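Have a look at the structure that comes next, please.
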Amino acid sequence: MEFGSDNTAPAAPEIMAALAAANAGHRPSYGEEAAMGRVAGRLRELFEAPDAHVGLLATGTAANALALACLCPPWGTVMCHRAAHVAIDECGAPEFFTGGAKLTTLDGGDAKIAPDALAAAIAALAVGDVHRAQPAVLSLTDVTERGAIYRPAEIAALAGMAHEAGMKVHLDGARFANALAALGCSPAELSWKAGVDALCLGGTKNGLMAAEAVILFDPELAWEFQLRRKRGGHLFSKHRFLSAQMEAYLEGDLWLRMAGHANAMAARLAGGLAAKGYPPAHPVEANIVFTAFPADLLTQLQGQGLQTSVWPAEPGTPAAARDDPLCRLVCSWATTEDEVDALIDAL
Amino acid sequence: MEFGSDNTAPAAPEIMAALAAANAGHRPSYGEEAAMGRVAGRLRELFEAPDAHVGLLATGTAANALALACLCPPWGTVMCHRAAHVAIDECGAPEFFTGGAKLTTLDGGDAKIAPDALAAAIAALAVGDVHRAQPAVLSLTDVTERGAIYRPAEIAALAGMAHEAGMKVHLDGARFANALAALGCSPAELSWKAGVDALCLGGTKNGLMAAEAVILFDPELAWEFQLRRKRGGHLFSKHRFLSAQMEAYLEGDLWLRMAGHANAMAARLAGGLAAKGYPPAHPVEANIVFTAFPADLLTQLQGQGLQTSVWPAEPGTPAAARDDPLCRLVCSWATTEDEVDALIDAL
Amino acid sequence: MEFGSDNTAPAAPEIMAALAAANAGHRPSYGEEAAMGRVAGRLRELFEAPDAHVGLLATGTAANALALACLCPPWGTVMCHRAAHVAIDECGAPEFFTGGAKLTTLDGGDAKIAPDALAAAIAALAVGDVHRAQPAVLSLTDVTERGAIYRPAEIAALAGMAHEAGMKVHLDGARFANALAALGCSPAELSWKAGVDALCLGGTKNGLMAAEAVILFDPELAWEFQLRRKRGGHLFSKHRFLSAQMEAYLEGDLWLRMAGHANAMAARLAGGLAAKGYPPAHPVEANIVFTAFPADLLTQLQGQGLQTSVWPAEPGTPAAARDDPLCRLVCSWATTEDEVDALIDAL
Amino acid sequence: MEFGSDNTAPAAPEIMAALAAANAGHRPSYGEEAAMGRVAGRLRELFEAPDAHVGLLATGTAANALALACLCPPWGTVMCHRAAHVAIDECGAPEFFTGGAKLTTLDGGDAKIAPDALAAAIAALAVGDVHRAQPAVLSLTDVTERGAIYRPAEIAALAGMAHEAGMKVHLDGARFANALAALGCSPAELSWKAGVDALCLGGTKNGLMAAEAVILFDPELAWEFQLRRKRGGHLFSKHRFLSAQMEAYLEGDLWLRMAGHANAMAARLAGGLAAKGYPPAHPVEANIVFTAFPADLLTQLQGQGLQTSVWPAEPGTPAAARDDPLCRLVCSWATTEDEVDALIDAL
């Protein structure tokens, strides 16, 4: 019962096949291979963004940190949710790559930034005051760390406030495909049309071996991005293995099919859990289910092989709801109905 | 006729098979998988260094920069050859990861640091003078950028001078396997027994898809290394795909067999070129051959499909020897005798 | 009516005289002058810390940032109050000098960290989790930004929690003399005896032209501090003018007399304001008074020459108390009774 | 016999008087004082640069590092002479403030960059190659570290090459006044008219207590400069004491008179030394004399109170000329004819 993380899943067979195919013979290195041109073209087409710059690399932390470094000067601040991956799960990578920028962490339920919280943070800015960090970036995460989804209109509302305050908008899309599959909107609607300036499009959590794309809708940042990527040690010499993964990912909507499957498994899991008396602690909108199990039940399930992780309750959770450990259960492209049902049956 | 770089070669079939095998089912992420324990154990055994810390990552630039950052404070200087990869081919990654350390570049033929040059640089240090960069690291590259090899005794001589001056010793071993295969000595003899404190053991240039190991012979640096790796965005979530490559690389001496083959191809190439009147410009000791072709011949060969790169002549090369473009011809595990002979025949 | 800041006051006549005296003839530079030896000796004596390292520089921001950089690695976090100068008034200097460390901001009334808030932050740490920032420093400010004072026992309680969690303790003492003068305790009691590892001893706000001392109670940090100071451009060539100020500052307890005077003026001001119906919004324990004036009264006072600054109400302030602008009124060594009375009379 | 450094001299009486005058009463802080407006206006007038941005700070290292950080991205390289202060005397401050840029050190006699050396370095650039540091800044020093002077035409020639290569030009003018006094040209001719983009105008070595100006001829860099200065801890709160020094420095050409006096003393010294058989090792064009004394004579002179510093011979100096220690003798505004004659007589 593997619900520990979408990072523990294997790569999809289509990806392994693409890697094998890409391995034939010699190829130019450092992104000069023909496949990279195709990947960039395909992403520009999918995102209806003919001028966007596309860069590939192997980890989500690198994607986020490099994108933020292109948007935020050392004296800038990045506004993000208190629970954001960039704030707490990257060991300070954004601070490192930006040269010491500050993160301003904001509140909001389900790990979504509350518009009021953003408004208050913007109101507290001291633009033009040399003593204060200057506004630079709003960083959103979609799907959020609590499994909820920002709709395009929600992103647009927050991004509008940010832009008006002179900030750029970064979207950590480690699970962007899951959001897209759930919403059924277009990639453009969930990104630049809603005000996103730079998107980190995840792949590793959704069936790839190790590949992420940074999509800069402002092509003027392209050269800086490339220099920062190289300087950060993130430019692959045998780059063909990144582009091969990404090409196969997009081919025939594999990315959306895998994400849709993961979402469906989470919905099935949430339904089954609720029926057994374990309702979700957060809206189950993508591939993640949070629910509280009594401590002894959790121990018993773990004894039966359940992989999960215990998370702290969100700030604001009523004390009564805090007694039992809150479990995060993550589904992936590789999660099977049998595995979901096995957990439900085990209850 | 693919002699452009060892980075344009594919991954070895054994590596692809290992990746496929590693893809079965769920695995712990971030290096917690069992295979990583086996890799660390095997490297410690091979290097006769039971306490060494082993970390994996995907690019050689990252390996060098992270290792240097663990050895060199921001106010330190890294002494290296003027032609070193860390000095000129990493877009300042060492400066970035160290927080702004300085590189002191030294001279010497065949991209080997001349002992006199190191002695002079050490003599010019101002230890304890707060206005000056402080001694920190000697960085060597074996195989060198010009295809030559430092013998253990040569490393020991330079490392001894460095240690006496209070510096640590880093070895960029992007082609360490090639040096080892050529010398026939033990991994320990070419590293810590000769005074190396931190080794970057390359894999990507020698048949891997994208995997390098940093071996820290001082285990006290382990935790700092791990934090810097994560913070640098270089900790893989699906880390099993790094350990799978490295495990297969070491299995049955695959690494040395691939490197030995590449070396043999270079020797065959050098012999054939010399016989046709194109003697090597540097000793051909590993998998790289430098030779000068007349400009029109080079154009003709390139027209026939030769992949190579033109390098500047080394400082100190007599003017007469500079007329013709100096070509770097690199062999890899994937270079065939037919390919070598095709180039020789084309002359 | 100059209550805008202690930074708008002139230097004390004793300081100007000392600078003039120090100007006679040639002197060694970069801190090699004899006076620096005397300053270090005097501070070690005053603080009963015979091994402490003393460094001088010209700004409080530099003092804080350099001290923090000596205590906090790039992957560490500095816990401080949400209102701390290091958090909001230094344009990210701590992030810059530490190489990108994180600041964790904590709550508490009167800009004092609440022990509960520190306990919660420590409990939330993930020591040894490579994805998270690691505990490094607790930074306190005494006198706080709201004019309150930590007593030695309060510092000891917080510092004890920090040390137990493996953190070092930094004290931003821009107004340390004011705290000392108010408490009547010894310098040692308010610093290392209470658990402070590094003290930034302010001078500029208390009658100096531009001079601050960093006192490192752990002398092992001395050399790193000196290198960071030089590298930060903070090592004065004509260093005699820093040591002259600091020597005169300590001579005959001038520092405490000036601070005591400023405190007395604030007490007089607070008393007068309260009598007129404007009670202090925070305890008036040192040289700073916060009180709320109706907006039209404030405008009128400013028209009469009042210099003050309007601050946001502290989080948690009842809404009813937020209607009127909250004014910060700062007294200094140069504030006169007449000036205080003039403001009270103007009400 | 104080010839050790211009940093060991006191501040000029006019400067002390200006500081005393500036100390009257309260003043706005952080550069908001009226005097700063006058200083900026006066420098713009003197330099015929009505749009230039002027910022003050206390040390030359800070001035250089901040100016370079405004001109050079982290992946850029700063070309400078091998003997430049920014390269060897600032403990890596340029690397720190730029976020890890590289310095490319060039050769040339008398610490002047040889045009050929610059041309070769420019030719070796790999513009647009993501693996290489990118061209960013040419940094000149006038007066050079060996006491020689670049003429406007020499600066223009080098700056023209730099600009053509897409680089900006920085001038370390720690002794700019000495160069100006010697040449008799206008400040504009020796700076922006010759192609200088950013000038660090020294004051501390020429009679000030501690004040330097950064003049950015491109006003678009102003805000970034101010943020970097604050973030670097270099924005003075009692800023009036910087502007007072600079205002008095420029008043009635005090800066040029002091520099001219120092130059004249150096010329007198050089003449006397030559007459005694100790010819200058470098052209004596400003306030610095290099000459070689036999070791035992030097010891004897030091016994008589001579302050000097021994420098290494320049690369390229014939071996025969290296036998005796090369002494650097520096004159300042405070050097007297008697002191010069005393040294000459002592020979």
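For the reader, a short list of remarks on this structure follows.
Just so it is clear, A, B, C and D label the chains in written order, and each chain counts residues from 1 on its own.
As a convention for this text, a contact is a pair of C-beta atoms (placed from the backbone, for glycine too) under 8 Å apart; a residue touches a chain by one contact, two chains touch by 3 or more.
Since this is a predicted model, take the numbers as computed values, not measurements.
When the C-beta contacts at B-D and at B-C are tallied, the pair with the greater total is B-D. Each chain's centre was taken as the mean of its CA atoms, and the one lying most distant from chain D is A.
Averaged C-alpha coordinates put the centre of chain B at 50 Å from the centre of chain C.
Centroids of chain B and chain D (each the mean of its C-alpha atoms) stand 41 Å apart. Within chain A, residues 30, 74-75, 90-92, 96, 99, 130-131, 227, 230-231, 235 each touch two or more of the remaining chains. Taken together, the chain A residues at the contact with chain D in this complex read 30, 73-75, 99, 130-131, 134, 224, 226-231, 235. Put simply, chain D touches chain C in their complex at residues 2, 4-5, 7-11, 16, 19-20, 23-30, 57-63, 65-66, 90-93, 96-97, 204-205, 209-210, 227, 230-238, 241, 307, 334. Touching chain C in their complex are the following residues of chain A: 74-75, 88-92, 95-96, 98-103, 124, 130-133, 312.
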